[in-house]
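Starting off with a structure, shown below.
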Amino acid sequence: MLHIINKSPYERPALDSALKTGEGAILLIEDGVYAAVKGGAAEAKIKAAQGKFKVYALQADLEARGMIDRVTEGVTVVDYGGFVDLVAEYKTNQSWL
Amino acid sequence: MLHIINKSPYERPALDSALKTGEGAILLIEDGVYAAVKGGAAEAKIKAAQGKFKVYALQADLEARGMIDRVTEGVTVVDYGGFVDLVAEYKTNQSWL
Amino acid sequence: MSVKKFMFVNRKAPYGTIYAWEALEVVLIAAAFEQDVSLCFLDDGVFQLKKGHNTKAIETKAFEKTWGALEDYDITKLYVDAESLAERGLTADDLAVPVEVLSRAEIGKLMEEQDVLLSF
Amino acid sequence: MSVKKFMFVNRKAPYGTIYAWEALEVVLIAAAFEQDVSLCFLDDGVFQLKKGHNTKAIETKAFEKTWGALEDYDITKLYVDAESLAERGLTADDLAVPVEVLSRAEIGKLMEEQDVLLSF
Amino acid sequence: MKFAILVNEGPSTHKASDTAYQFAKAALAKGHEIFRVFFYHDGVNNATRLTTPPQDDRHIVNRWSKLAEEHKLDMVVCVAAAQRRGIVDEGEMKRNGKDATNLAPGFRISGLGQLIEAGIQADRLVVFGD
Amino acid sequence: MKFAILVNEGPSTHKASDTAYQFAKAALAKGHEIFRVFFYHDGVNNATRLTTPPQDDRHIVNRWSKLAEEHKLDMVVCVAAAQRRGIVDEGEMKRNGKDATNLAPGFRISGLGQLIEAGIQADRLVVFGD
């Protein structure tokens, strides 16, 4: 299934909780995209998760935060259309609010 | 100074951040009162902090959450009047939102 | 009307915000629509079920009794994450209603089986 | 009018919520009242200062330029927590304006010296 | 494919409404159907016609109204959440003895059943919130 | 002692407004003065007279209005935050070409300067938010 995460990994347990619970795909949006940025403490979490999850991050939110040029390897950047495609692709989705 | 914390220690870094930065007194209110409850992972943090901080927790919020009978030792329970007294007692206060 | 599997994922503490209470209102409506309803409690959501709420001093409606009433609406599938309980110093005995305590992996499997996941 | 020491404590990431932007509006007013204004950035608040914001696709006003304009309002005391930066993989070179990078303890001391702390 | 969207936060403060709007626009552009947009919790605050955002900023409410008009979207505001937060149409005004309305064009106030129905009828329900 | 209070969240969704209200009541009961209550961010949503909370629940807006009347409290709603969120008095209605008002009794709309002034004049400013 698709796990949608809109919370910063430095402020909320949403990403940790999703990683522990599920499998499938992770889509990082809004403040959640900070998890897709390399160099920070979140990088190791995302790298460790990539065996079990495909990881996506929303382009618009990465750009807004000045982070589009430092995305962790293996993370796929998608636009809003890609967001729609992911929701269509997976039978179920959950927003980890 | 007085540090006012209204966030659960399990969901937000507010308490950790206040403990690292300041000294003086900690007042736990709203979901922040979960830090004042014994038996959970937050208990050790509060006990460790008690050398540097006086720790208070708001009675009304502990009661609402069914936690009034399991407050960590050394934490002083205050009512809204006590909240007012604490703000008056310390020259400055900060809400760690 | 077709029946779908609705799971309500509760991850927020009660009273600090209204999400837990307004989520419960949705649960009751889903039951009225005779859907296959389950609730799962993770992270601070487990605090919602703690017994002994007394909201008199915060002057807010308590919803502890509603948990007990869920059975009248044929809602009996309440799942609680073992790890979230333990981290918060709680056991199933501390909760206001009977629940099934599960591992994260078991909860993950249940989520995969749903049609609709509503998270609060 | 008397002059007080106002410190604005910014702990939230930009754009996910409006707090950072509306906080900046208060900062500018405090400066217009000729108060002794300082800003401090902790936790996710350090992300507010990251340079290179491009908010076209989220269709929201960017406020990166406002940091540069603060000097015109005689606001020059911008303090950033070293630990928060490091945890997020950032250095002072990544930021849109010159700041003073301090330890938590140093920030704590500055807070103690304030008259009013406004936190966002 | 048939989508339903749940918006749980108001305009401005949280990004939920913005992201939901961009998602809806992208879904429509791809030829998908949007069965319903349901506004709950503070999401009901997206439905007031009384906002005046800064001129150089997006107009979140009008944008939703326009999208609804262009694509005949069904945008439903939860009545219970709306009553708590003061979102009022003609019917609610009379029922609750209020002296004004503030519901924006393209929105209608109805019950939570509309959310459950959206969950049943749509192929996918996506939640945007905080 | 002279207190100022800043409320940054709306009614119902977050507890900030409730806690601020209980704090204000307790401060007044102890003989303190409240120089001003300032509503910012979503806090401006506390100032709509259009809410109808459930009958067995507290009425957050009316409670503030009543406290203000009893104690002659100065309750100020930030104009910029109010415009973004649709809180409107007579003056704002005319200025922005709106067709209704929703400001509750006891509140007035004014600028952010009123918050800074409160910080200067009061002995203590306490922030309630999320």
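Labels A, B, C, D, E and F are assigned to the chains in the order they are written; within every chain, residues are numbered from 1.
We take it that a contact is a pair of C-beta atoms (placed from the backbone, for glycine too) under 8 Å apart; a residue touches a chain by one contact, two chains touch by 3 or more.
Since this is a predicted model, take the numbers as computed values, not measurements.
Shared contact partners of subunit B and subunit F, listed by label: C, D. Over half of the residue numbers found at the subunit E and subunit F interface occur in both copies, marking it as a same-residue contact.
A straight line joining the Cα centres of subunit D and subunit F is 26 Å long. Averaged Cα coordinates give subunit B a centre that lies 38 Å from the centre of subunit E. Each chain gets one centre point, the mean of its Cα atoms, and the points for subunit D and subunit E are 33 Å apart. The residues of subunit B that reach two or more other chains are 6, 10-11, 13, 30-31, 60, 79, 93-95, 97, listed in rising order.
Residues of subunit C in contact with at least two other chains: 12, 15-19, 43, 58, 60, 115-117, 119-120.
The residues of subunit E that reach two or more other chains are 8, 12-13, 15, 22, 41, 54, 80, 127, 129-130, listed in rising order. All chain pairs in contact, by the document's touch criterion: A-B, A-C, A-D, A-E, B-C, B-D, B-F, C-E, C-F, D-E, D-F, E-F. Residues 6-8, 10-11, 30-31, 34, 37-41, 43, 59-61, 63-70, 79 of subunit A are the ones that touch subunit D when the two sit in their complex.
The residues of subunit F lying in touch with subunit B in their complex are 1, 3, 8, 15-16, 19, 22-23, 25-27, 29-30, 32, 123-124, 126-130. Those residues of subunit C that touch subunit E in the complex are listed here as 1-2, 4, 6, 18-19, 22, 25-26, 29-30, 32-33, 35, 115-120. Residue ranges on subunit A touching subunit E, taken from their complex, read 4, 6, 29-31, 60, 79-81, 83-85, 87-88, 93-95, 97.
Remark: subunit A residues 10-13 touch subunit B in the complex.
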